[in-house]
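Every chain is named by a letter (A, B, C and D) in the order it is written, and numbering of its residues begins at 1.
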Amino acid sequence: MIIVMQKGATPAQISAVVARVEGMGRQVHLSRGEERTIIGVVGDDRTFDRDQFERMDGVEHTVPILKPYKLASREFHPSDSVVDVGGVSIGGQAVVVMAGPCAVESREQLMETAWAAKEAGALILRGGAFKPRTSPYSFQGMGEQGLQLLAEARAETGLLVVTEVMSPSQVSLVATYADILQIGARNMQNYALLHAVGESHKPVLLKRGMMSTMEEWLMSAEYVLSHGNNRVMLCERGIRTFETYTRNTFDINAIAMLKQLTHLPVIADPSHGTGLWELVGPVARGAVAAGADGLILEIHPRPEEAVSDGRQSLKPKRFAELMSEVRLIAEAVGALPGDRRAA
Amino acid sequence: MIIVMQKGATPAQISAVVARVEGMGRQVHLSRGEERTIIGVVGDDRTFDRDQFERMDGVEHTVPILKPYKLASREFHPSDSVVDVGGVSIGGQAVVVMAGPCAVESREQLMETAWAAKEAGALILRGGAFKPRTSPYSFQGMGEQGLQLLAEARAETGLLVVTEVMSPSQVSLVATYADILQIGARNMQNYALLHAVGESHKPVLLKRGMMSTMEEWLMSAEYVLSHGNNRVMLCERGIRTFETYTRNTFDINAIAMLKQLTHLPVIADPSHGTGLWELVGPVARGAVAAGADGLILEIHPRPEEAVSDGRQSLKPKRFAELMSEVRLIAEAVGALPGDRRAA
Amino acid sequence: MIIVMQKGATPAQISAVVARVEGMGRQVHLSRGEERTIIGVVGDDRTFDRDQFERMDGVEHTVPILKPYKLASREFHPSDSVVDVGGVSIGGQAVVVMAGPCAVESREQLMETAWAAKEAGALILRGGAFKPRTSPYSFQGMGEQGLQLLAEARAETGLLVVTEVMSPSQVSLVATYADILQIGARNMQNYALLHAVGESHKPVLLKRGMMSTMEEWLMSAEYVLSHGNNRVMLCERGIRTFETYTRNTFDINAIAMLKQLTHLPVIADPSHGTGLWELVGPVARGAVAAGADGLILEIHPRPEEAVSDGRQSLKPKRFAELMSEVRLIAEAVGALPGDRRAA
Amino acid sequence: MIIVMQKGATPAQISAVVARVEGMGRQVHLSRGEERTIIGVVGDDRTFDRDQFERMDGVEHTVPILKPYKLASREFHPSDSVVDVGGVSIGGQAVVVMAGPCAVESREQLMETAWAAKEAGALILRGGAFKPRTSPYSFQGMGEQGLQLLAEARAETGLLVVTEVMSPSQVSLVATYADILQIGARNMQNYALLHAVGESHKPVLLKRGMMSTMEEWLMSAEYVLSHGNNRVMLCERGIRTFETYTRNTFDINAIAMLKQLTHLPVIADPSHGTGLWELVGPVARGAVAAGADGLILEIHPRPEEAVSDGRQSLKPKRFAELMSEVRLIAEAVGALPGDRRAA
């Protein structure tokens, strides 16, 4: 941390800041400039509350030097983390595709969708049993019955299952049925929930909050990691901006940036990232070209009958075409000198 | 709801949409324009999933006509709701002030702050026992011990207590000690939690998510209201924008707009809304001038020692001055023809 | 400026950075921490291109210490600047109100509006002769004929005139008729235009870009100031956010923050800041309570016939009421210990 | 346009709205619902000012049905526009690359960069002679001398030249030297400038404003088109969001969405879109995979000496590698069934 003093800071004010830093067992580097005195604090500043110093007399502001996350950082773990989920490797050479309906609606709908996902090459089935809905009057999901149907679909098709968990008390129930616990965008900073999945033994797919910075997102990953669960995957699903033609703005920069900042696998969700099925294909291709480790896609046999997110769901035929396109892009990226995620 | 057909939509596509609407027991108004056919759906569209129609062949897009919230709307309840909390009326003629530290840190800190709040004219004591922190390495609050200290402070000073609840399983515990349950910004769309406080019998202070539109915020209020709890207050605490000089952007428009849209009381939080103690005074005065029903403010006897949010906390002396200023503004607003919230 | 080296930076990389700084005639303070070496550069960093250092081997990032604007800063000019416009003082004790139609439409419309503005207590008449419109098919203003009508209205009513100038070649023409040159939000970073008004002798009302930070805004003011024109006023007119219920989000924080950062007067435009006439009153009151030096408001005798911005224009009767409200708030703020802009 | 009346709108209010619409020579479709009366206006609403109706008594709000741009729309011109620039086709089958330094700094720097661009396969040389800089104290470009150097580089290398024009009075000068006139992000709504380039006979590269919606961007294109110049290319260069790790957020959704909305070619600028050279490669690949017609990239022989944008500039070696990667992706996309821009 660096502490920048105000222009007219007095020697007594400077001494008080120095004394406080030293009183916390830290060393100080003092630099007197022409306009400002700058106090550098040596060592890890993750445990410091910068606010305390900003409120001292004569202090103008403080500047952090280190990123606030540690376990999630690439500095801490330089090589890529490969997450194993029931034999499927996520974060390795292959681009892994998760697909399925927004919500589990019925056995028929789920089985039809699961087989379509399977046949086109997806390895993991997505589908919501507990649905976070903006309106209390909207369909809230089938609950445990939906989880049972997902387990049935797994038994039938051999696909693994990813599904959302919405509260700490649901974690053990959902973990009974699912292979991957999904934390939704609205719960990215639900710390009680992060704590609970951190103590479970299931891999976690952590979606980015719709208005969360990459730093906050990695801090939420740090919650899960620091509670003992190191199988964390990040899922970019678009952020909220001023643009209204699309539901969200898919942040392709984040795909590339996270590869610099963290060792955790990065999954792209172009369905929520765009909100429009016509854009899902191009953005899915773009995400893979930029280095995403996987995709999560909404598909539905009859989107015009879907209880939710039909506007952004692909039909099975278009999904199968997209899988071919993604394969071509993945091969092109794999053919690059170095590995497919080379910058 | 209005359904706008594409330019080249065929008669068969139009008929299919009309048939579907009528199949749901609704009437249709058909309008054939020069460039587009438009299908109006008669009646309440809150229970409709517009996505289903947007995915039908020949449909360009749909437009909602009604706002999606009902119980929270001023149409449903034209007069202002006045929330009674232990004899204090919020949403009536008087501007109610809640003040206290960001976090309960110790008995001494809390009592000193509580007395300062009381003496300057606050009626309600704020203070966090469970703290949502971006970092897992930061102080997470004193937990139940913090709640006990808040109850002690109430017993000593006569102030009422507002404090945050972070998960459904904490609701009954927090409700034992607190007079108002606060839902924090990060949990505004934690639906399990909204459900739980909706079933409690305590008033709820619902903070706006930093990434939430007014519509989403009112929908979250609707969750609480629709589960049976009608003592809901909204708290504007700033939204996230591109501006970096301030922690958040306090949305004063929302204070005025909510008075049009809803009957619920609106509280302003300029501490989080600005993030800088120097701006808290001006923005607090502005919020009251614009019609806020109350203020919630962070104060601390020694902000430079606060474990969190010291940068935005007022010292008792400045808080007392601000209370005088707020009184002058409230009187000026009260002296307007009509009531103090007249547009 | 502070240069933060990467974790594994070599001594040679560090030496290269130091040599470069010293080669530019600057001194260096070196601080070797446990994880990072930090290089402090002594002196004014406004003329430095930090990018050059960020691209050197071994450099992680750089941090500016000083704000990049100088003439606009309160450090440079500690007391408030009071701008004199034809005998009217802006930035002094009185809150100055500018009012008028969005666009000059006809002699009748302008005269009727000007008299309404005058009678309610406005001192300055606003009205666009050259209109920046999103669509090439919308009314683009009356041009020079509109300027002549504004001058006529000034002659008749004694009001001063503020009107927008849209390109460098228009500056001398507009300056012939207007008392204040307005730079619109879309042109806040039109540097050729800022240069041109910087060389004129007329006061400038510089609107904030809808997408601009306070820092960028002050840098645009710096353009005008550095070209020799020191009569600059800043106008907060709302910023673009994700919120859709209002046209813009009026940034009341900016009113208070600018009073810390700069000596220039700050005017509030709640008409554009909200986009809805119902919200103009509350937000105008709030801006004055927060310390604004003036208001600029859109009024129209028959908003339902206005060629533009009718939705946010006040009728003369409501405008007159608002003037009374503003007077009450201004008095309340003036009655505070210290001056009306005391934090 | 659709006009939604308030819940309690009276028959007289409804009649007044209908009379007004009919008075403008338009037909009306009236739809009386349970809660609201809805008035549909038949025909093109691009020339309507919706504000006028929103301000009439009893009107709640209005809803546009048609997009406000026409010449830029794919409806108006269903097939892709291919822009010819001196024999190079932009918007056709090949992905066209423009590359060069942020600013022209010297003959040596420009020639060295131009040859590196040429050898790696770029067809067009970029380089700023007039630079829009946030600070009045930063290097503002070499001016006409820079334009002469660009023309020299064209003569030597055979590359075409794209460079920025910043004011209407510069258009004829810049058009003397350049093959493509670039409108920068800050000037996207500088209507005097759009008007001027619309009347020139040079192709225009229109950058998206950093906080402009796609609709506003297409409206700015409409300005150029409607003044007679139909060689317009759109350039996505990232938008401003709350994220701070990257300079801008590259909007890959826009690449895909514009292919639906407009026939104009779309160029991607991942240099400004990310602000970090490490991210330029992945995002460039992503943009091409999503269907971009071209790339514009900043390169510099010694980025650590660049007077501007060094942080986001590629060195020639990395640029050459990226060109190979882009070729692989372009081939993969070209190999898709249908053309390379198939959704």
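Please note the rule applied: a contact is a pair of C-beta atoms (placed from the backbone, for glycine too) under 8 Å apart; a residue touches a chain by one contact, two chains touch by 3 or more.
Please read these numbers as outputs of a predicted model, since none were measured by experiment.
K.L.:
Does A-B or A-D have the larger number of C-beta pairs in contact?
P.N.:
A-D
K.L.:
Determine, using the mean of C-alpha atoms as each chain's centre, which chain is farthest from chain C.
P.N.:
Relative to chain C, the chain with the farthest C-alpha centre is A.
K.L.:
Which integer distance in Å separates the CA centroid of chain B from that of chain D?
P.N.:
The separation of the two C-alpha centroids amounts to 38 Å.
K.L.:
What is the distance, in whole Å, between the centres of chain A and chain B, each centre taken as the mean of its C-alpha atoms?
P.N.:
Distance between chain centres: 27 Å.
K.L.:
Just the number, please: Cα centre separation of chain A and chain D in whole Å.
P.N.:
Averaging C-alpha atoms per chain gives centres 30 Å apart.
K.L.:
Please set out, as single numbers or ranges, the residues of chain C touching at least two other chains.
P.N.:
As it turns out, chain C has residues touching two or more other chains at 211, 240-242, 244.
K.L.:
Considering the complex alone, what residue numbers of chain D touch chain A?
P.N.:
211, 213-215, 238-239, 241-246, 249-257, 259-261, 273-274, 276, 278-279, 281-283, 285-291, 321, 324-325, 328-329, 331-333, 335-337, 342-343
K.L.:
Can you tell me which positions in chain B touch chain D when the two form their complex?
P.N.:
2, 4, 7, 29, 31, 33-36, 38, 40, 42-44, 63, 65-66, 75, 240-242, 244
K.L.:
Touching residues of chain A toward chain B in the complex: what are they?
P.N.:
46-47, 49, 51-56, 68, 132-138, 140, 166-170, 186-187, 189-193, 209-212, 216, 219, 222-223, 226-227, 240, 277, 303-311, 313
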